[in-house]
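Have a look at the structure that comes next, please.
The chains carry the letters A, B, C, D and E, assigned in the order they are written, with residues numbered from 1 in each.
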Amino acid sequence: MTATPSFSERHWAALLVAGALALVLAPFVAYPVFLMKLMCFALLAASLNLMVGYVGLLSFGHAMFFGSAGYATAHAVKVWGFDPALGVLFGAAVAAAIGATTGALAIRRAGIAFSMITLACAQLVYFIALRSPFTGGEDGIQNVPRGKLLGLLSLQDNLTLYYVVMVTVVAAFWLIWRVVHSPFGQVLTAIRDNEPRAISLGYRVNRYKLLAFTLSAALAGLAGGMKSIVFQIATLTDVSWVTSGEALLMGIVGGLQTMFGPVVGAMVVVTMANELSGFAEAVLIVQGAVFVVVVMLFRRGIVGEINAFLARRTRLGNTPPEVSSTPPRAPRAGPAASATAREGTP
Amino acid sequence: QISDDMVRIGLMGDLSGPYSGNGGPGSVLAAKMAIEDFGGKVNGKPVELLTLDDQNKPDVGLNAARKWLETDKVDAIVGGSASSIALGVQTLMKEKQKPYLIAGTVTSDLTGKACSPMAFQFLVDTYSLPKAGVQTLIDKGIKTFFFVTVDYAFGTALQTEATRFIEQAGGKVVGSVKHPLGTTDFSSYLLQAQASGAKAIVILNAGLDLSNSLKQAAEFHITKGGQSVSVFGMTINSVAAMGLETAQGLNITVPFYWDRDEASRAWSKRFMERNNGVVPTYIMAGVYSAVTHYLKSVQAAGTDAGPAVVAKMKATPVNDFMSKDVKIREDGQVMRPVYPVEVKTPAQSKGKYDFYTIGTAIPAEKIFRPLSEGGCDFVKK
Amino acid sequence: MPDTLFGFPLAAIAGQVLVGMINGSLYSLMSLGLAIIFGLLRVVNFAHGAQYMLGAFVAWGLLEYLGLNYWWALVLAPLLVGLSGVALERTLLRRLYHVDHVYALLLTFGFALILEGVFRYKFGATGQPYPNPIAGGLDTPMAFFPWYRLWVIAASMGMCILTWFVIERTKLGSYLRAATENPNLVRTFGVRVPRMLMLTYGLGVALAGFSGVMAAPIYQVNPLMGSQLIIVVFAVVVIGGMGSIMGAIVAGFGLGVIEGITKLVYPDGAGMVVFVVMLIVLAVRPQGLFGSLR
Amino acid sequence: MTNPARASDCILRTEGLSKEFLGFHAVKNVSLNIRRHSIHALIGPNGAGKTTCFNLLTTFIPASAGRIYYNEHDITKSDPASVAIGGMVRSFQISAVFGQMSVLDNVRVALQRKAGGTFAFWRSARVLERYTGRARELLAAVNLEPYANFSAADLSYGRKRALELATTLALEPELILLDEPIAGLGHEDIGPVTRLIAQVAKDRTVLMVEHNMKVVAELCDRITVLQAGEVLAEGSYEEVSNDARVRAAYVGGAHA
Amino acid sequence: MPEQNVPCLEVRGLTGFYGETQALHGIDFVVQPGEAVCLLGRNGAGKTTTLRAVVGLLAKRRGHIAIDGRPTQGMAPEDIARLGVAYCPEERGIFASLDVEENLLLPPVLMPGGMTIDEIYMLFPNLKLRRKSPGTRLSGGEQQMLAIARILRTGAKLLLLDEPTEGLAPVIIEEIGEAIGILRQRGFTILMVEQNFRFASGVGDRFYVIEEGRVAEHFDRQTLASDHARIEALLGV
């Protein structure tokens, strides 16, 4: 797969062990609620990355999955008295359902049009959240009980909840990794590369894209559902386009088409927002500046640049040039595309 | 004993959004002044002020409050912008047993259904605001009403209470329309209100929303068919924003007006010197009042432990430039008198902020919701 | 004459249609600018809302600091905002033409955040009032139509038609369209493409600035005014067909009116109706009303 | 010229196939009969409607009128992916490979489609190993074995064509549609690619569009000449190339 | 060859890069006014790259290029074009958003002496028939015709044609050959890249064979007749 950085298995093993250790010890160093927020956003960014980086479709509406799952979970847990685990799963399922519906519309278009359609769908969801009675409008659903996991383990304590969230997020990341490195992932790569050719080989490409979109939505929903349990509140912020934008920012800063880019991106963005909390306008300015700087100077994102650097080094060391963490290539209207357009997409 | 040798007060408000004129940076300044006037120390321990822009978003406010309490060792939270946030913070403060000094957010649920033994309402609420307002309109012979209401806890509460008062007085609400917080164009809501034929069109929102809706009401000559436009609650910054031309003749009630007496003028003068000459709203005055009363109580109690301070606060009458010997009721309501005012015409106004003609004080018992009707669970019947 | 239609007071209908037309004017002007920029540069100009806000602020600033009235602002503000667009294009945007279009979107998105942040920092989120330049109105038995609002409708329509004509019916327009597809090739014909793209972006941005000036007396001059409008405008652009100029104009006014009527019939749905229409249109015509599936 | 009696010999058959673009008739009433195990060429002047025919046959665009029968099944209303699954696979005029994937993966993606399980997002990509053997065989057949681990984008034009063929063959199509397979190739590549086509055509049917008459003459059993969307002539190379109308419309004077 | 007058195009020591990879390693050739010169060579030899360097589309180019004696180093494509150069690219570059006629009328007339629209339609009747059709809806061959036709109007004296016959039917190729003849009579100069050697040998005066970014061989029409065997070997015809 194109996204596997080329440095050796051993490096990876070491990195994974270090990462696992850091995850386990982190709540003793940092504020667990902050860490949980970070993990939820990392998962959101990763789910978005699955679409942008591996399907080549930039969704500008991932907040609709994140946020509506938040509402669904909060409602299920608070009003229906669901177990928190079940509540979060319910949230993810709702997100997947929304993903399947909006996806069916959106994937028929590619490139910028796809982005705009997802943005608009998300906005529709936002207005529904704003106006419908069960979401509580501007007030949101507040005082969501954290409850007991499977009726046994009380999640009231931040530390306990932290480990539950951690395990879930790690599992979700594993799933993403698996999707990317699966037969299905292989087909996605092919479709992103050359869609007409994939069709001519007999792939019904829209079904693959739709499944990817639905999966991505479900994962974003998982993140959103957990967030509402952690913070005990589900609100409009999580369905607003600002959140979609932030998720994207995380992906870009960390590096699209890389597995850990979203994590690094979430770390940077969430920390930044945290440090600047209380100065809404400063957050805007800094986020904006980060967007500009990343786009102008290092489009591959932090992890992407590191990968590229490592790849360059290994290449000097005479290993086959297997890596490419190139920025995503979505269909474009360049000269090549217009020449093929008539042949490929009548 | 003072926990970790420091009294930390968190001030939360809309520092940049549509409500930033009501409280916002002005409230921060008021809190700072209160701490300075107190000497910056309680029982020899420094007082620190933390501030937060809640952006009128419940999640932002709530998350920050949680962080304040769990990691920053904040001892009390003061202020408030949108009622939606306050309701969440209220629960949290109850859970963490820390005083919540509300000045800037007004839903009456805070002392009613959602009441908390740790909470105080230092100003007016959505019960007291329409109470006098409805009566004034009914007295003018107005029988039909239409509401333009902001769509969240504050607006909902205000409309519910107002409707009750109107119906009790034999009036009728012929319709209402809700708009989201931070709307800029009210023309379609206003035209709808106009088409309803109601004699009074009542705007139930605040801050920027309020000045926008009133300005547009004037632009569209909403009152040309003999209808009137009224509001029940308003802070003085909105009057400044829309101008007397638009605001003249409105009747509202306020717990504070800068030009009411010597004490309020003296304090307001000091405030304006440090606030680019901009006049304090009653919310800012309320923040000052709340912080001062809190510090006094910490000093008297000799500790900053929540329950002890709360007990002390409730036992001590509030005394400052705003109010003399005002009691705090069991449910947390500060029982201060409020003043009916009428906005002056441009001709009547003699100075930059000479906005109101002030009437005689209405005693607290006449305007605040009786304890028995609030439905607060911990209040002994 | 009956005074109700389908059970709704005629006065209310007339009022909402007017309000709808005003919003529609702004939708059209804004999506027109977006369509030009997208159609020709393939850049989704996320900063469009911020530039609209900038237009309003420039108008306000001209009045506040220089005492220049609305009519001056109507000429100067678009010019200044357009120049700021030109500067952005020259310094940053231009370097992104050769990479995926998504990056230009992200750049303008970032730029929008910065602009909004800076203005919030400087002026707070509280609006600055802007006086109504044309007082009074048309007093009909149904409702009172302020002159200024009628002027906005007329001026926007005029501007839309003018722009449409330039792009679709002149030689300059065909250069622009060709340069979108293959700028390098058009350069080999001896056409100064970089300069043209720069001016196009400037023009699109100037339209946003123009809308801002138009809006200033209606809404407050407020740092948030852009981000509130922009998303709806994006939906309008999608409905009209991305990059289609005719689509932008028709969808803009059409949706304004539909939205106005919805406010009357089902007020809760007013915020969503644009998006619902969008979904319906997309289900039937994925490329939008006037778009092509290129 | 058509002979419905022997329809069953035909793998692909059209009846009155037509396509109109906003009033312009690009393909008019074309009836084709492609015999099983033959190499059939579609030639004609530029704009005659050859590519449009291909697009119609593979249902990349819907026909305005007429029917298409593939193995006697009516596929007129089918979709491109289904047509490919049914065994009719096309190549594109502009070379179509998955540039970011390795040469080997290009072929495996095709094999995988044939074998199914392509939605299995929970399984490891390692299950694809089982196609490696077959993929290498196919690559060997087109002399691409040594390049198996190259990124497809790095191949030269001729090799991309070869890869495309290998990928196409991986699906074991009954009928292959090739659009100008020789166009753009250097002289030195024309020979090998021609031989390659001849080789893969064994046991299959090939329908190709080509302007290079030398190649057509060498490869094709039967030729249909289109002009202005209509069938002008049909027959063997000798028959067609000696037809005066064809010479006037297509071959031109200098090429006897 | 009369060497005293200024060559229409002079290329000396031209090197060119795509990013890091070098595509041209020092190309030298000249084209005299009124000549038809052909660049031959295998796929990937650097022929297209050479043309792109001449019209200024190759950003990373070094060496000497002069048009009518004016060096063009550092000039932008639009300025080079104004010296009287027109380019017909390999991938044709037809504009989808313009109809056929708009495509045809798009390039501004640089100097007098170009063909008129009627002459062009006479040469390519297909284009007249599809006049109002969107440019990229044309068939591959029709697009090729349009791409050539488009630059004939501009009056540019030096025409650069990259594989003008690719994908064209034999009859059309013949017509294009005739068209080139007409153009030369009118005093146009032509530099052409061609894979179709049969066609090239019919229209070219002189030939350069490019190999791996260098000029490997140079011959003219006389040699072509006299030394047929060597050339066949060289090009593998």
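FYI, contacts are C-beta pairs under 8 Å (C-beta built on N, C-alpha and C of every residue); 3 or more make two chains touch, one makes a residue touch a chain.
Predicted model only: the values in this text are computed from it and were never measured.
Enquirer: Please find the path from chain C to chain D through touching chains that uses the fewest steps, and give that number.
Expert: 2
Enquirer: For chain A, which other chain has the most distant CA centre?
Expert: Relative to chain A, the chain whose C-alpha centre sits farthest away is E.
Enquirer: If we define chain centres by averaging CA atoms, which chain lands farthest from chain C? Would you check?
Expert: Between chain C and the rest, the longest centre separation is with D.
Enquirer: Using CA atom averages as chain centres, what separation in Å is found between chain B and chain D?
Expert: Comparing mean C-alpha positions, chain D is 77 Å from chain B.
Enquirer: Counting only Cα atoms for the centres, state how far chain D is from chain E in Å.
Expert: 31
Enquirer: For chain B and chain E, what's the span in angstrom between their mean Cα positions?
Expert: Each chain's C-alpha centroid was found; their separation is 78 Å.
Enquirer: Once you find the CA centre of chain A and the CA centre of chain E, what distance in Å lies between them?
Expert: 49
Enquirer: Residues of chain D that contact two or more other chains, please.
Expert: 51, 93
Enquirer: Mind pulling the chain C residues that touch 2 or more other chains?
Expert: Residues 120, 180-182, 184-185, 268, 271, 294.
Enquirer: I need the residues of chain E touching at least two other chains; which ones are they?
Expert: Within chain E, residues 89, 93, 95-96, 137, 140 contact more than one other chain.
Enquirer: How about chain D: which of its residues touch chain E in the complex?
Expert: Interface residues on chain D, with respect to chain E: 21, 24, 44-52, 93, 156-158, 180, 183-189, 211, 213, 249-255.
Enquirer: Which of the residues in chain D come into contact with chain A in the complex?
Expert: The touching residues are 51, 55, 58, 60-61, 79-85, 89-94, 96-101, 105, 108-110, 112-114, 117-125, 127-128, 149, 151, 167-168, 171, 179.
Enquirer: How about chain A: which of its residues touch chain D in the complex?
Expert: 1-2, 175, 178-179, 181-187, 189-190, 192-194, 196-205, 207-208, 211, 215, 320, 324, 329, 339-340, 342-344, 346
Enquirer: In the complex, go through chain A and note every residue touching chain B.
Expert: Of all residues in chain A, those touching chain B are 31, 33-34, 37, 130-131, 136-140, 142-143, 158, 231-233, 235-238, 277-281.
Enquirer: Would you mind writing out the residues of chain C in touch with chain E in their complex?
Expert: Residue positions touching the partner: 174-175, 177-178, 180-182, 184-194, 294.
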